[in-house]
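Heads up, there are several structures right after this.
The following pair of complexes shares a single chain, subunit A, combined with subunit B in the former and subunit C in the latter.
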Partner chain A sequence: MSLAIRLRNVFNTVLELDGKTTDADLRYQETPGWDSLGAVLLISAMEDEFHVQIGTNQALQIDTFDAAVKLLRGLGVQDQTPCP
Partner chain B sequence: MNFARRTAQASSDLLLPQLTALMAYHRQACPAYARVLEATGHPRTRRYQQLAELPWLPVRLFKEHALVSTAADPVTTLTSSGTTGAGASRIALDREAAERQRHMLIATLVNLVGPQRLPLLIIDAPSAVRQQRATIRGATVLGVMNIGRDPVFALDEDLEVNAVAIDHFLQRHAGSDFLIFGFTFLVWSRFYSYVRSRAADLSHAVLLHTGGWKKLADQAVTAEVFRGGFREHTGLTRCHNFYGMVEQGGTIHVESASGDGLYCPDHADVIIRDPLTWQEAAIGTLGVIEVLSTTPRAHPGHILLTEDLGMLLGVDDGEWPGKRFAVAGRLPKAEPRGCSDTLAQGVVS
Partner chain C sequence: MSLISSQARFVDATQGQSWQGSALAERIATVAQELQTMPPGLILLPVPWTVDTVCRYLAGLSQRRALALLDPDIDPATVAELAARFAPAGLWFPDTALPAPPGYRNTACGWIRQSPAAAVHPDLALLLTTSGSTGAARMVRLGYQGVLANADAIVQALEITAQDIALTSLPFHLGYGLSVLNSHLRAGATVVISAAPVIGAEFWAAFERYGATSFAAVSHTYDLLTRLHWTPASHPTLHTLTQSGSRMRPELVAQLATALPVGGRFLQMYGQTEATARMVVLPAAQWSRKAGAVGLAIPGGRLSIRTETGEETTGAQTVGEVIFRGPSVMLGYADHDTDLARGDDCHGVLHTGDVGRFDEEGYLYLEGRLKRMAKLFGLRINLDAVERLACDAGAEGVAAVSRNDEAIVLWCEGAHADLEHLSRTVAERLRVNHRGVEARTIEKLPLLRNGKIDYRTLTRNADNGVAKS
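Take a look at the complex of A and B:
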């Protein structure tokens, strides 16, 4: 499964999104649920899903879905290739 | 960590132009504040050489008046956690101001504990963040959660110890660094008794705590007893009290690990004033605490005379550079309104 799909699933679960919002429209303080508490919960859920550790300052930079994708790639997370 | 990095003079030199500019901003943005300045001898043309010359507002004003410096829709109104509501300050925050406060608080805490998010044990009930977010109590817990990972709440909704949660947390993180955060009264009355009875090892913990000492002082628990108890019975040596208020959210003054006083963060300062002359009080002399911070944008809370008594303990002579000070309690006529005072009354009565 691609990183973006797995990440979107995390967003959908934590922020209780309906799936209609596009990835590009997800923004901190604009998307319902993605407030300061949502942000804290989202970072924890991302760490659990991708088995990474996100630093305090890195967490502060996640203000769009795309920023979260870039951070995870920077931490070495890759798209999963399906098993043959 | 070297939390405070500047000498008192360097800090003052840096803050004077920033606070003067912020005064001009609020003068423009808040007509009521502009009128106060005009009426108290601070016209637009006046120039300032020292922080102590800058005009302060008494915090009480924010209980009695809505002073707002933003035209944007407020995203939230933060209140001090007074139970009656009558004595509570109500601080309007727009989105930008709320974010600025959050960033300042986080930057201050990162300076203290480092950039890694450590496992976090919160000495409070889960509802503190879910239901009390518009109070300084909830906002503070939520703010600290930004620097922690895998948060666990140590108390249940009745503010009683959740032994299973605490034991599980301590087992899981034994041998590595972790954070503990809570309001001073709850940390002592709930958590300390429990970990002491269990002879828990907290030698890897960093304890952050905040809130008034009134209830503890009534039980003869001083800062020394608090620190000494944890050190002796749990091995906890990294213990940091911090001091802040809803009228200056995002700004906290942090106690050094050795306990030699509270220190100001990079973006803030403190002045102790003699209540008779309003001049700066000498080191070691009790006075009223004035707090200065470059953080407030949506309300003119950048220079405030608090209702707290305090004392300057020293300047550039302690564990960290800069001023170090102590809070000695509330002014005699001031109403109790801080987080732990309120919690204490709610819990004990």
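Take a look at the complex of A and C:
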């Protein structure tokens, strides 16, 4: 599964999104549920899902879906290749 | 009335520009001209964190125009309801998208009333909303002397100096945020004005850029920050943390207090809008020895305990309603336009509605609110005490409410808690039948805008769910 799909699943679960919102429309302080508490829950869920440690400054930078994808790639997370 | 010391300085966090002394006075005088278009009466002032808004606030105070400070995100229905209820002179919010309600017309500065506004008492400086209320909210009437007195008391209690630099980290329209502004202006300190959310990169970039020395937040915000592995130790200029809002977990207090540099201070405070903002401060040196205490009265304030029989005492270990006396106590409440003309109804005495006691050294401890009581099987039970029992039993993030005085519902955050064990343990400690306590999970406890737990919603939800069989 691609990183983006896994991450979107994390967003959907934490923020209780429907499938209608596009990735590009997801914005901190604008998307319902993505308030300060939502942001903190998202970071924790991302750390659990991708087995990474996200530092304070990195966490505070995440204000779009795209920013979260870039951060995870920077931390070495890769798209999973399907099992043979 | 001059709230500002001559050394006080504003910095616009986004533009980097700063104002002080005569430049600041000039800027305030410029926005004060907008006031001349306003007929006499109360002015509604929505307060986003911008330099212009702070100057409007200061212009209103210096021209002795009564201001109602409002949430900048207030919805049109609520502001129309306030206009209908208080008959203000107008709304001071240039370029507002809020439509003028009946009887008002739009102007360049907001909207103004077309007939005479309700009369306002000359001592009335500010109208603030009571925290937690929605819709037809009770407003608190504050006088000029009270606002000044509270600012001065906070400067003394927190030892704020002209070298201090604070960033705006709390809503302007709530007492705590307003008190940070007022006290720093009084002390001749620097206030960096930023509308950026505290959970966000922009706020902390500004914090670093301007070398902020203090940070103010409610317990919930500290909780969120530490979950992001935030620590005051990563900000070398930061030496003072202040906290208010609701009881903070002792482990979190210890974690933050010990992460501060040598000479750093973690100050816990207790206040109510009804006393302008702050009433009690726990001296920084006491955070460990007096864990769980809210502290001592601010300079100029006096505390006592009123028992159920109506006697007042300052003696140790008597439990009762906390009474606060001091010059910062409100003039009274306002529910309708006719209340704006009222003078001082409180005479410096505030019945807080909070239950507390003193220890042998005079430190105040809070034990709950008068209204946070449940009657269960004929017993009177303090719901805040039930929460402490639940925490002792291993629960985390728990809120207790009464379900029609038939049972206590313990709302527990997260799905990990052993609900059966928890409800049984708490019931045993309360010495009530186990059916009297129901533990339920909730993803996250709902909060009010001031960071306190929204018990009203939890009580409503407790009534909906089926009782445990």
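By our rule, the second predicted complex is superposed on the first by the 84 of 84 C-alpha atoms of A that agree within 3 Å, B and C clash if a C-alpha of one lies under 4 Å from a C-alpha of the other, contacts with A are read in each partner's own complex, and residues count from 1 in each chain.
Heads up, the rule we're going with is that a residue touches a chain if its C-beta (ideal position, glycine included) is under 8 Å from a C-beta of that chain, and two chains touch if they have at least 3 such contacts.
What you see is a predicted model, and the numbers here were worked out from it, not measured in a lab.
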item	value
Partner chain in contact with A:Gln61 - subunit B first, subunit C second, else both or neither	second
Partner chain(s) touched by A:Glu47 [first = subunit B, second = subunit C, both, neither]	first
Intersection of subunit A interface sets (partners subunit B, subunit C)	29, 36-37, 39-40, 43-44, 54-57, 59-60
For the subunit A and subunit B complex, residues of the former touching the latter	29, 36-37, 39-40, 43-44, 47, 53-57, 59-60
In the complex, subunit B residues that touch subunit A	75, 95, 98-99, 102-103, 106, 109-110, 115-117, 129-130, 133, 142, 145-147, 149-151
Subunit C partner contacts - residues on subunit A that touch it in the complex	28-29, 36-37, 39-41, 43-44, 54-57, 59-61, 63
Touching residues (chain side subunit C, partner subunit A) in the complex	197-201, 204, 221, 224, 227-231, 234, 444, 447
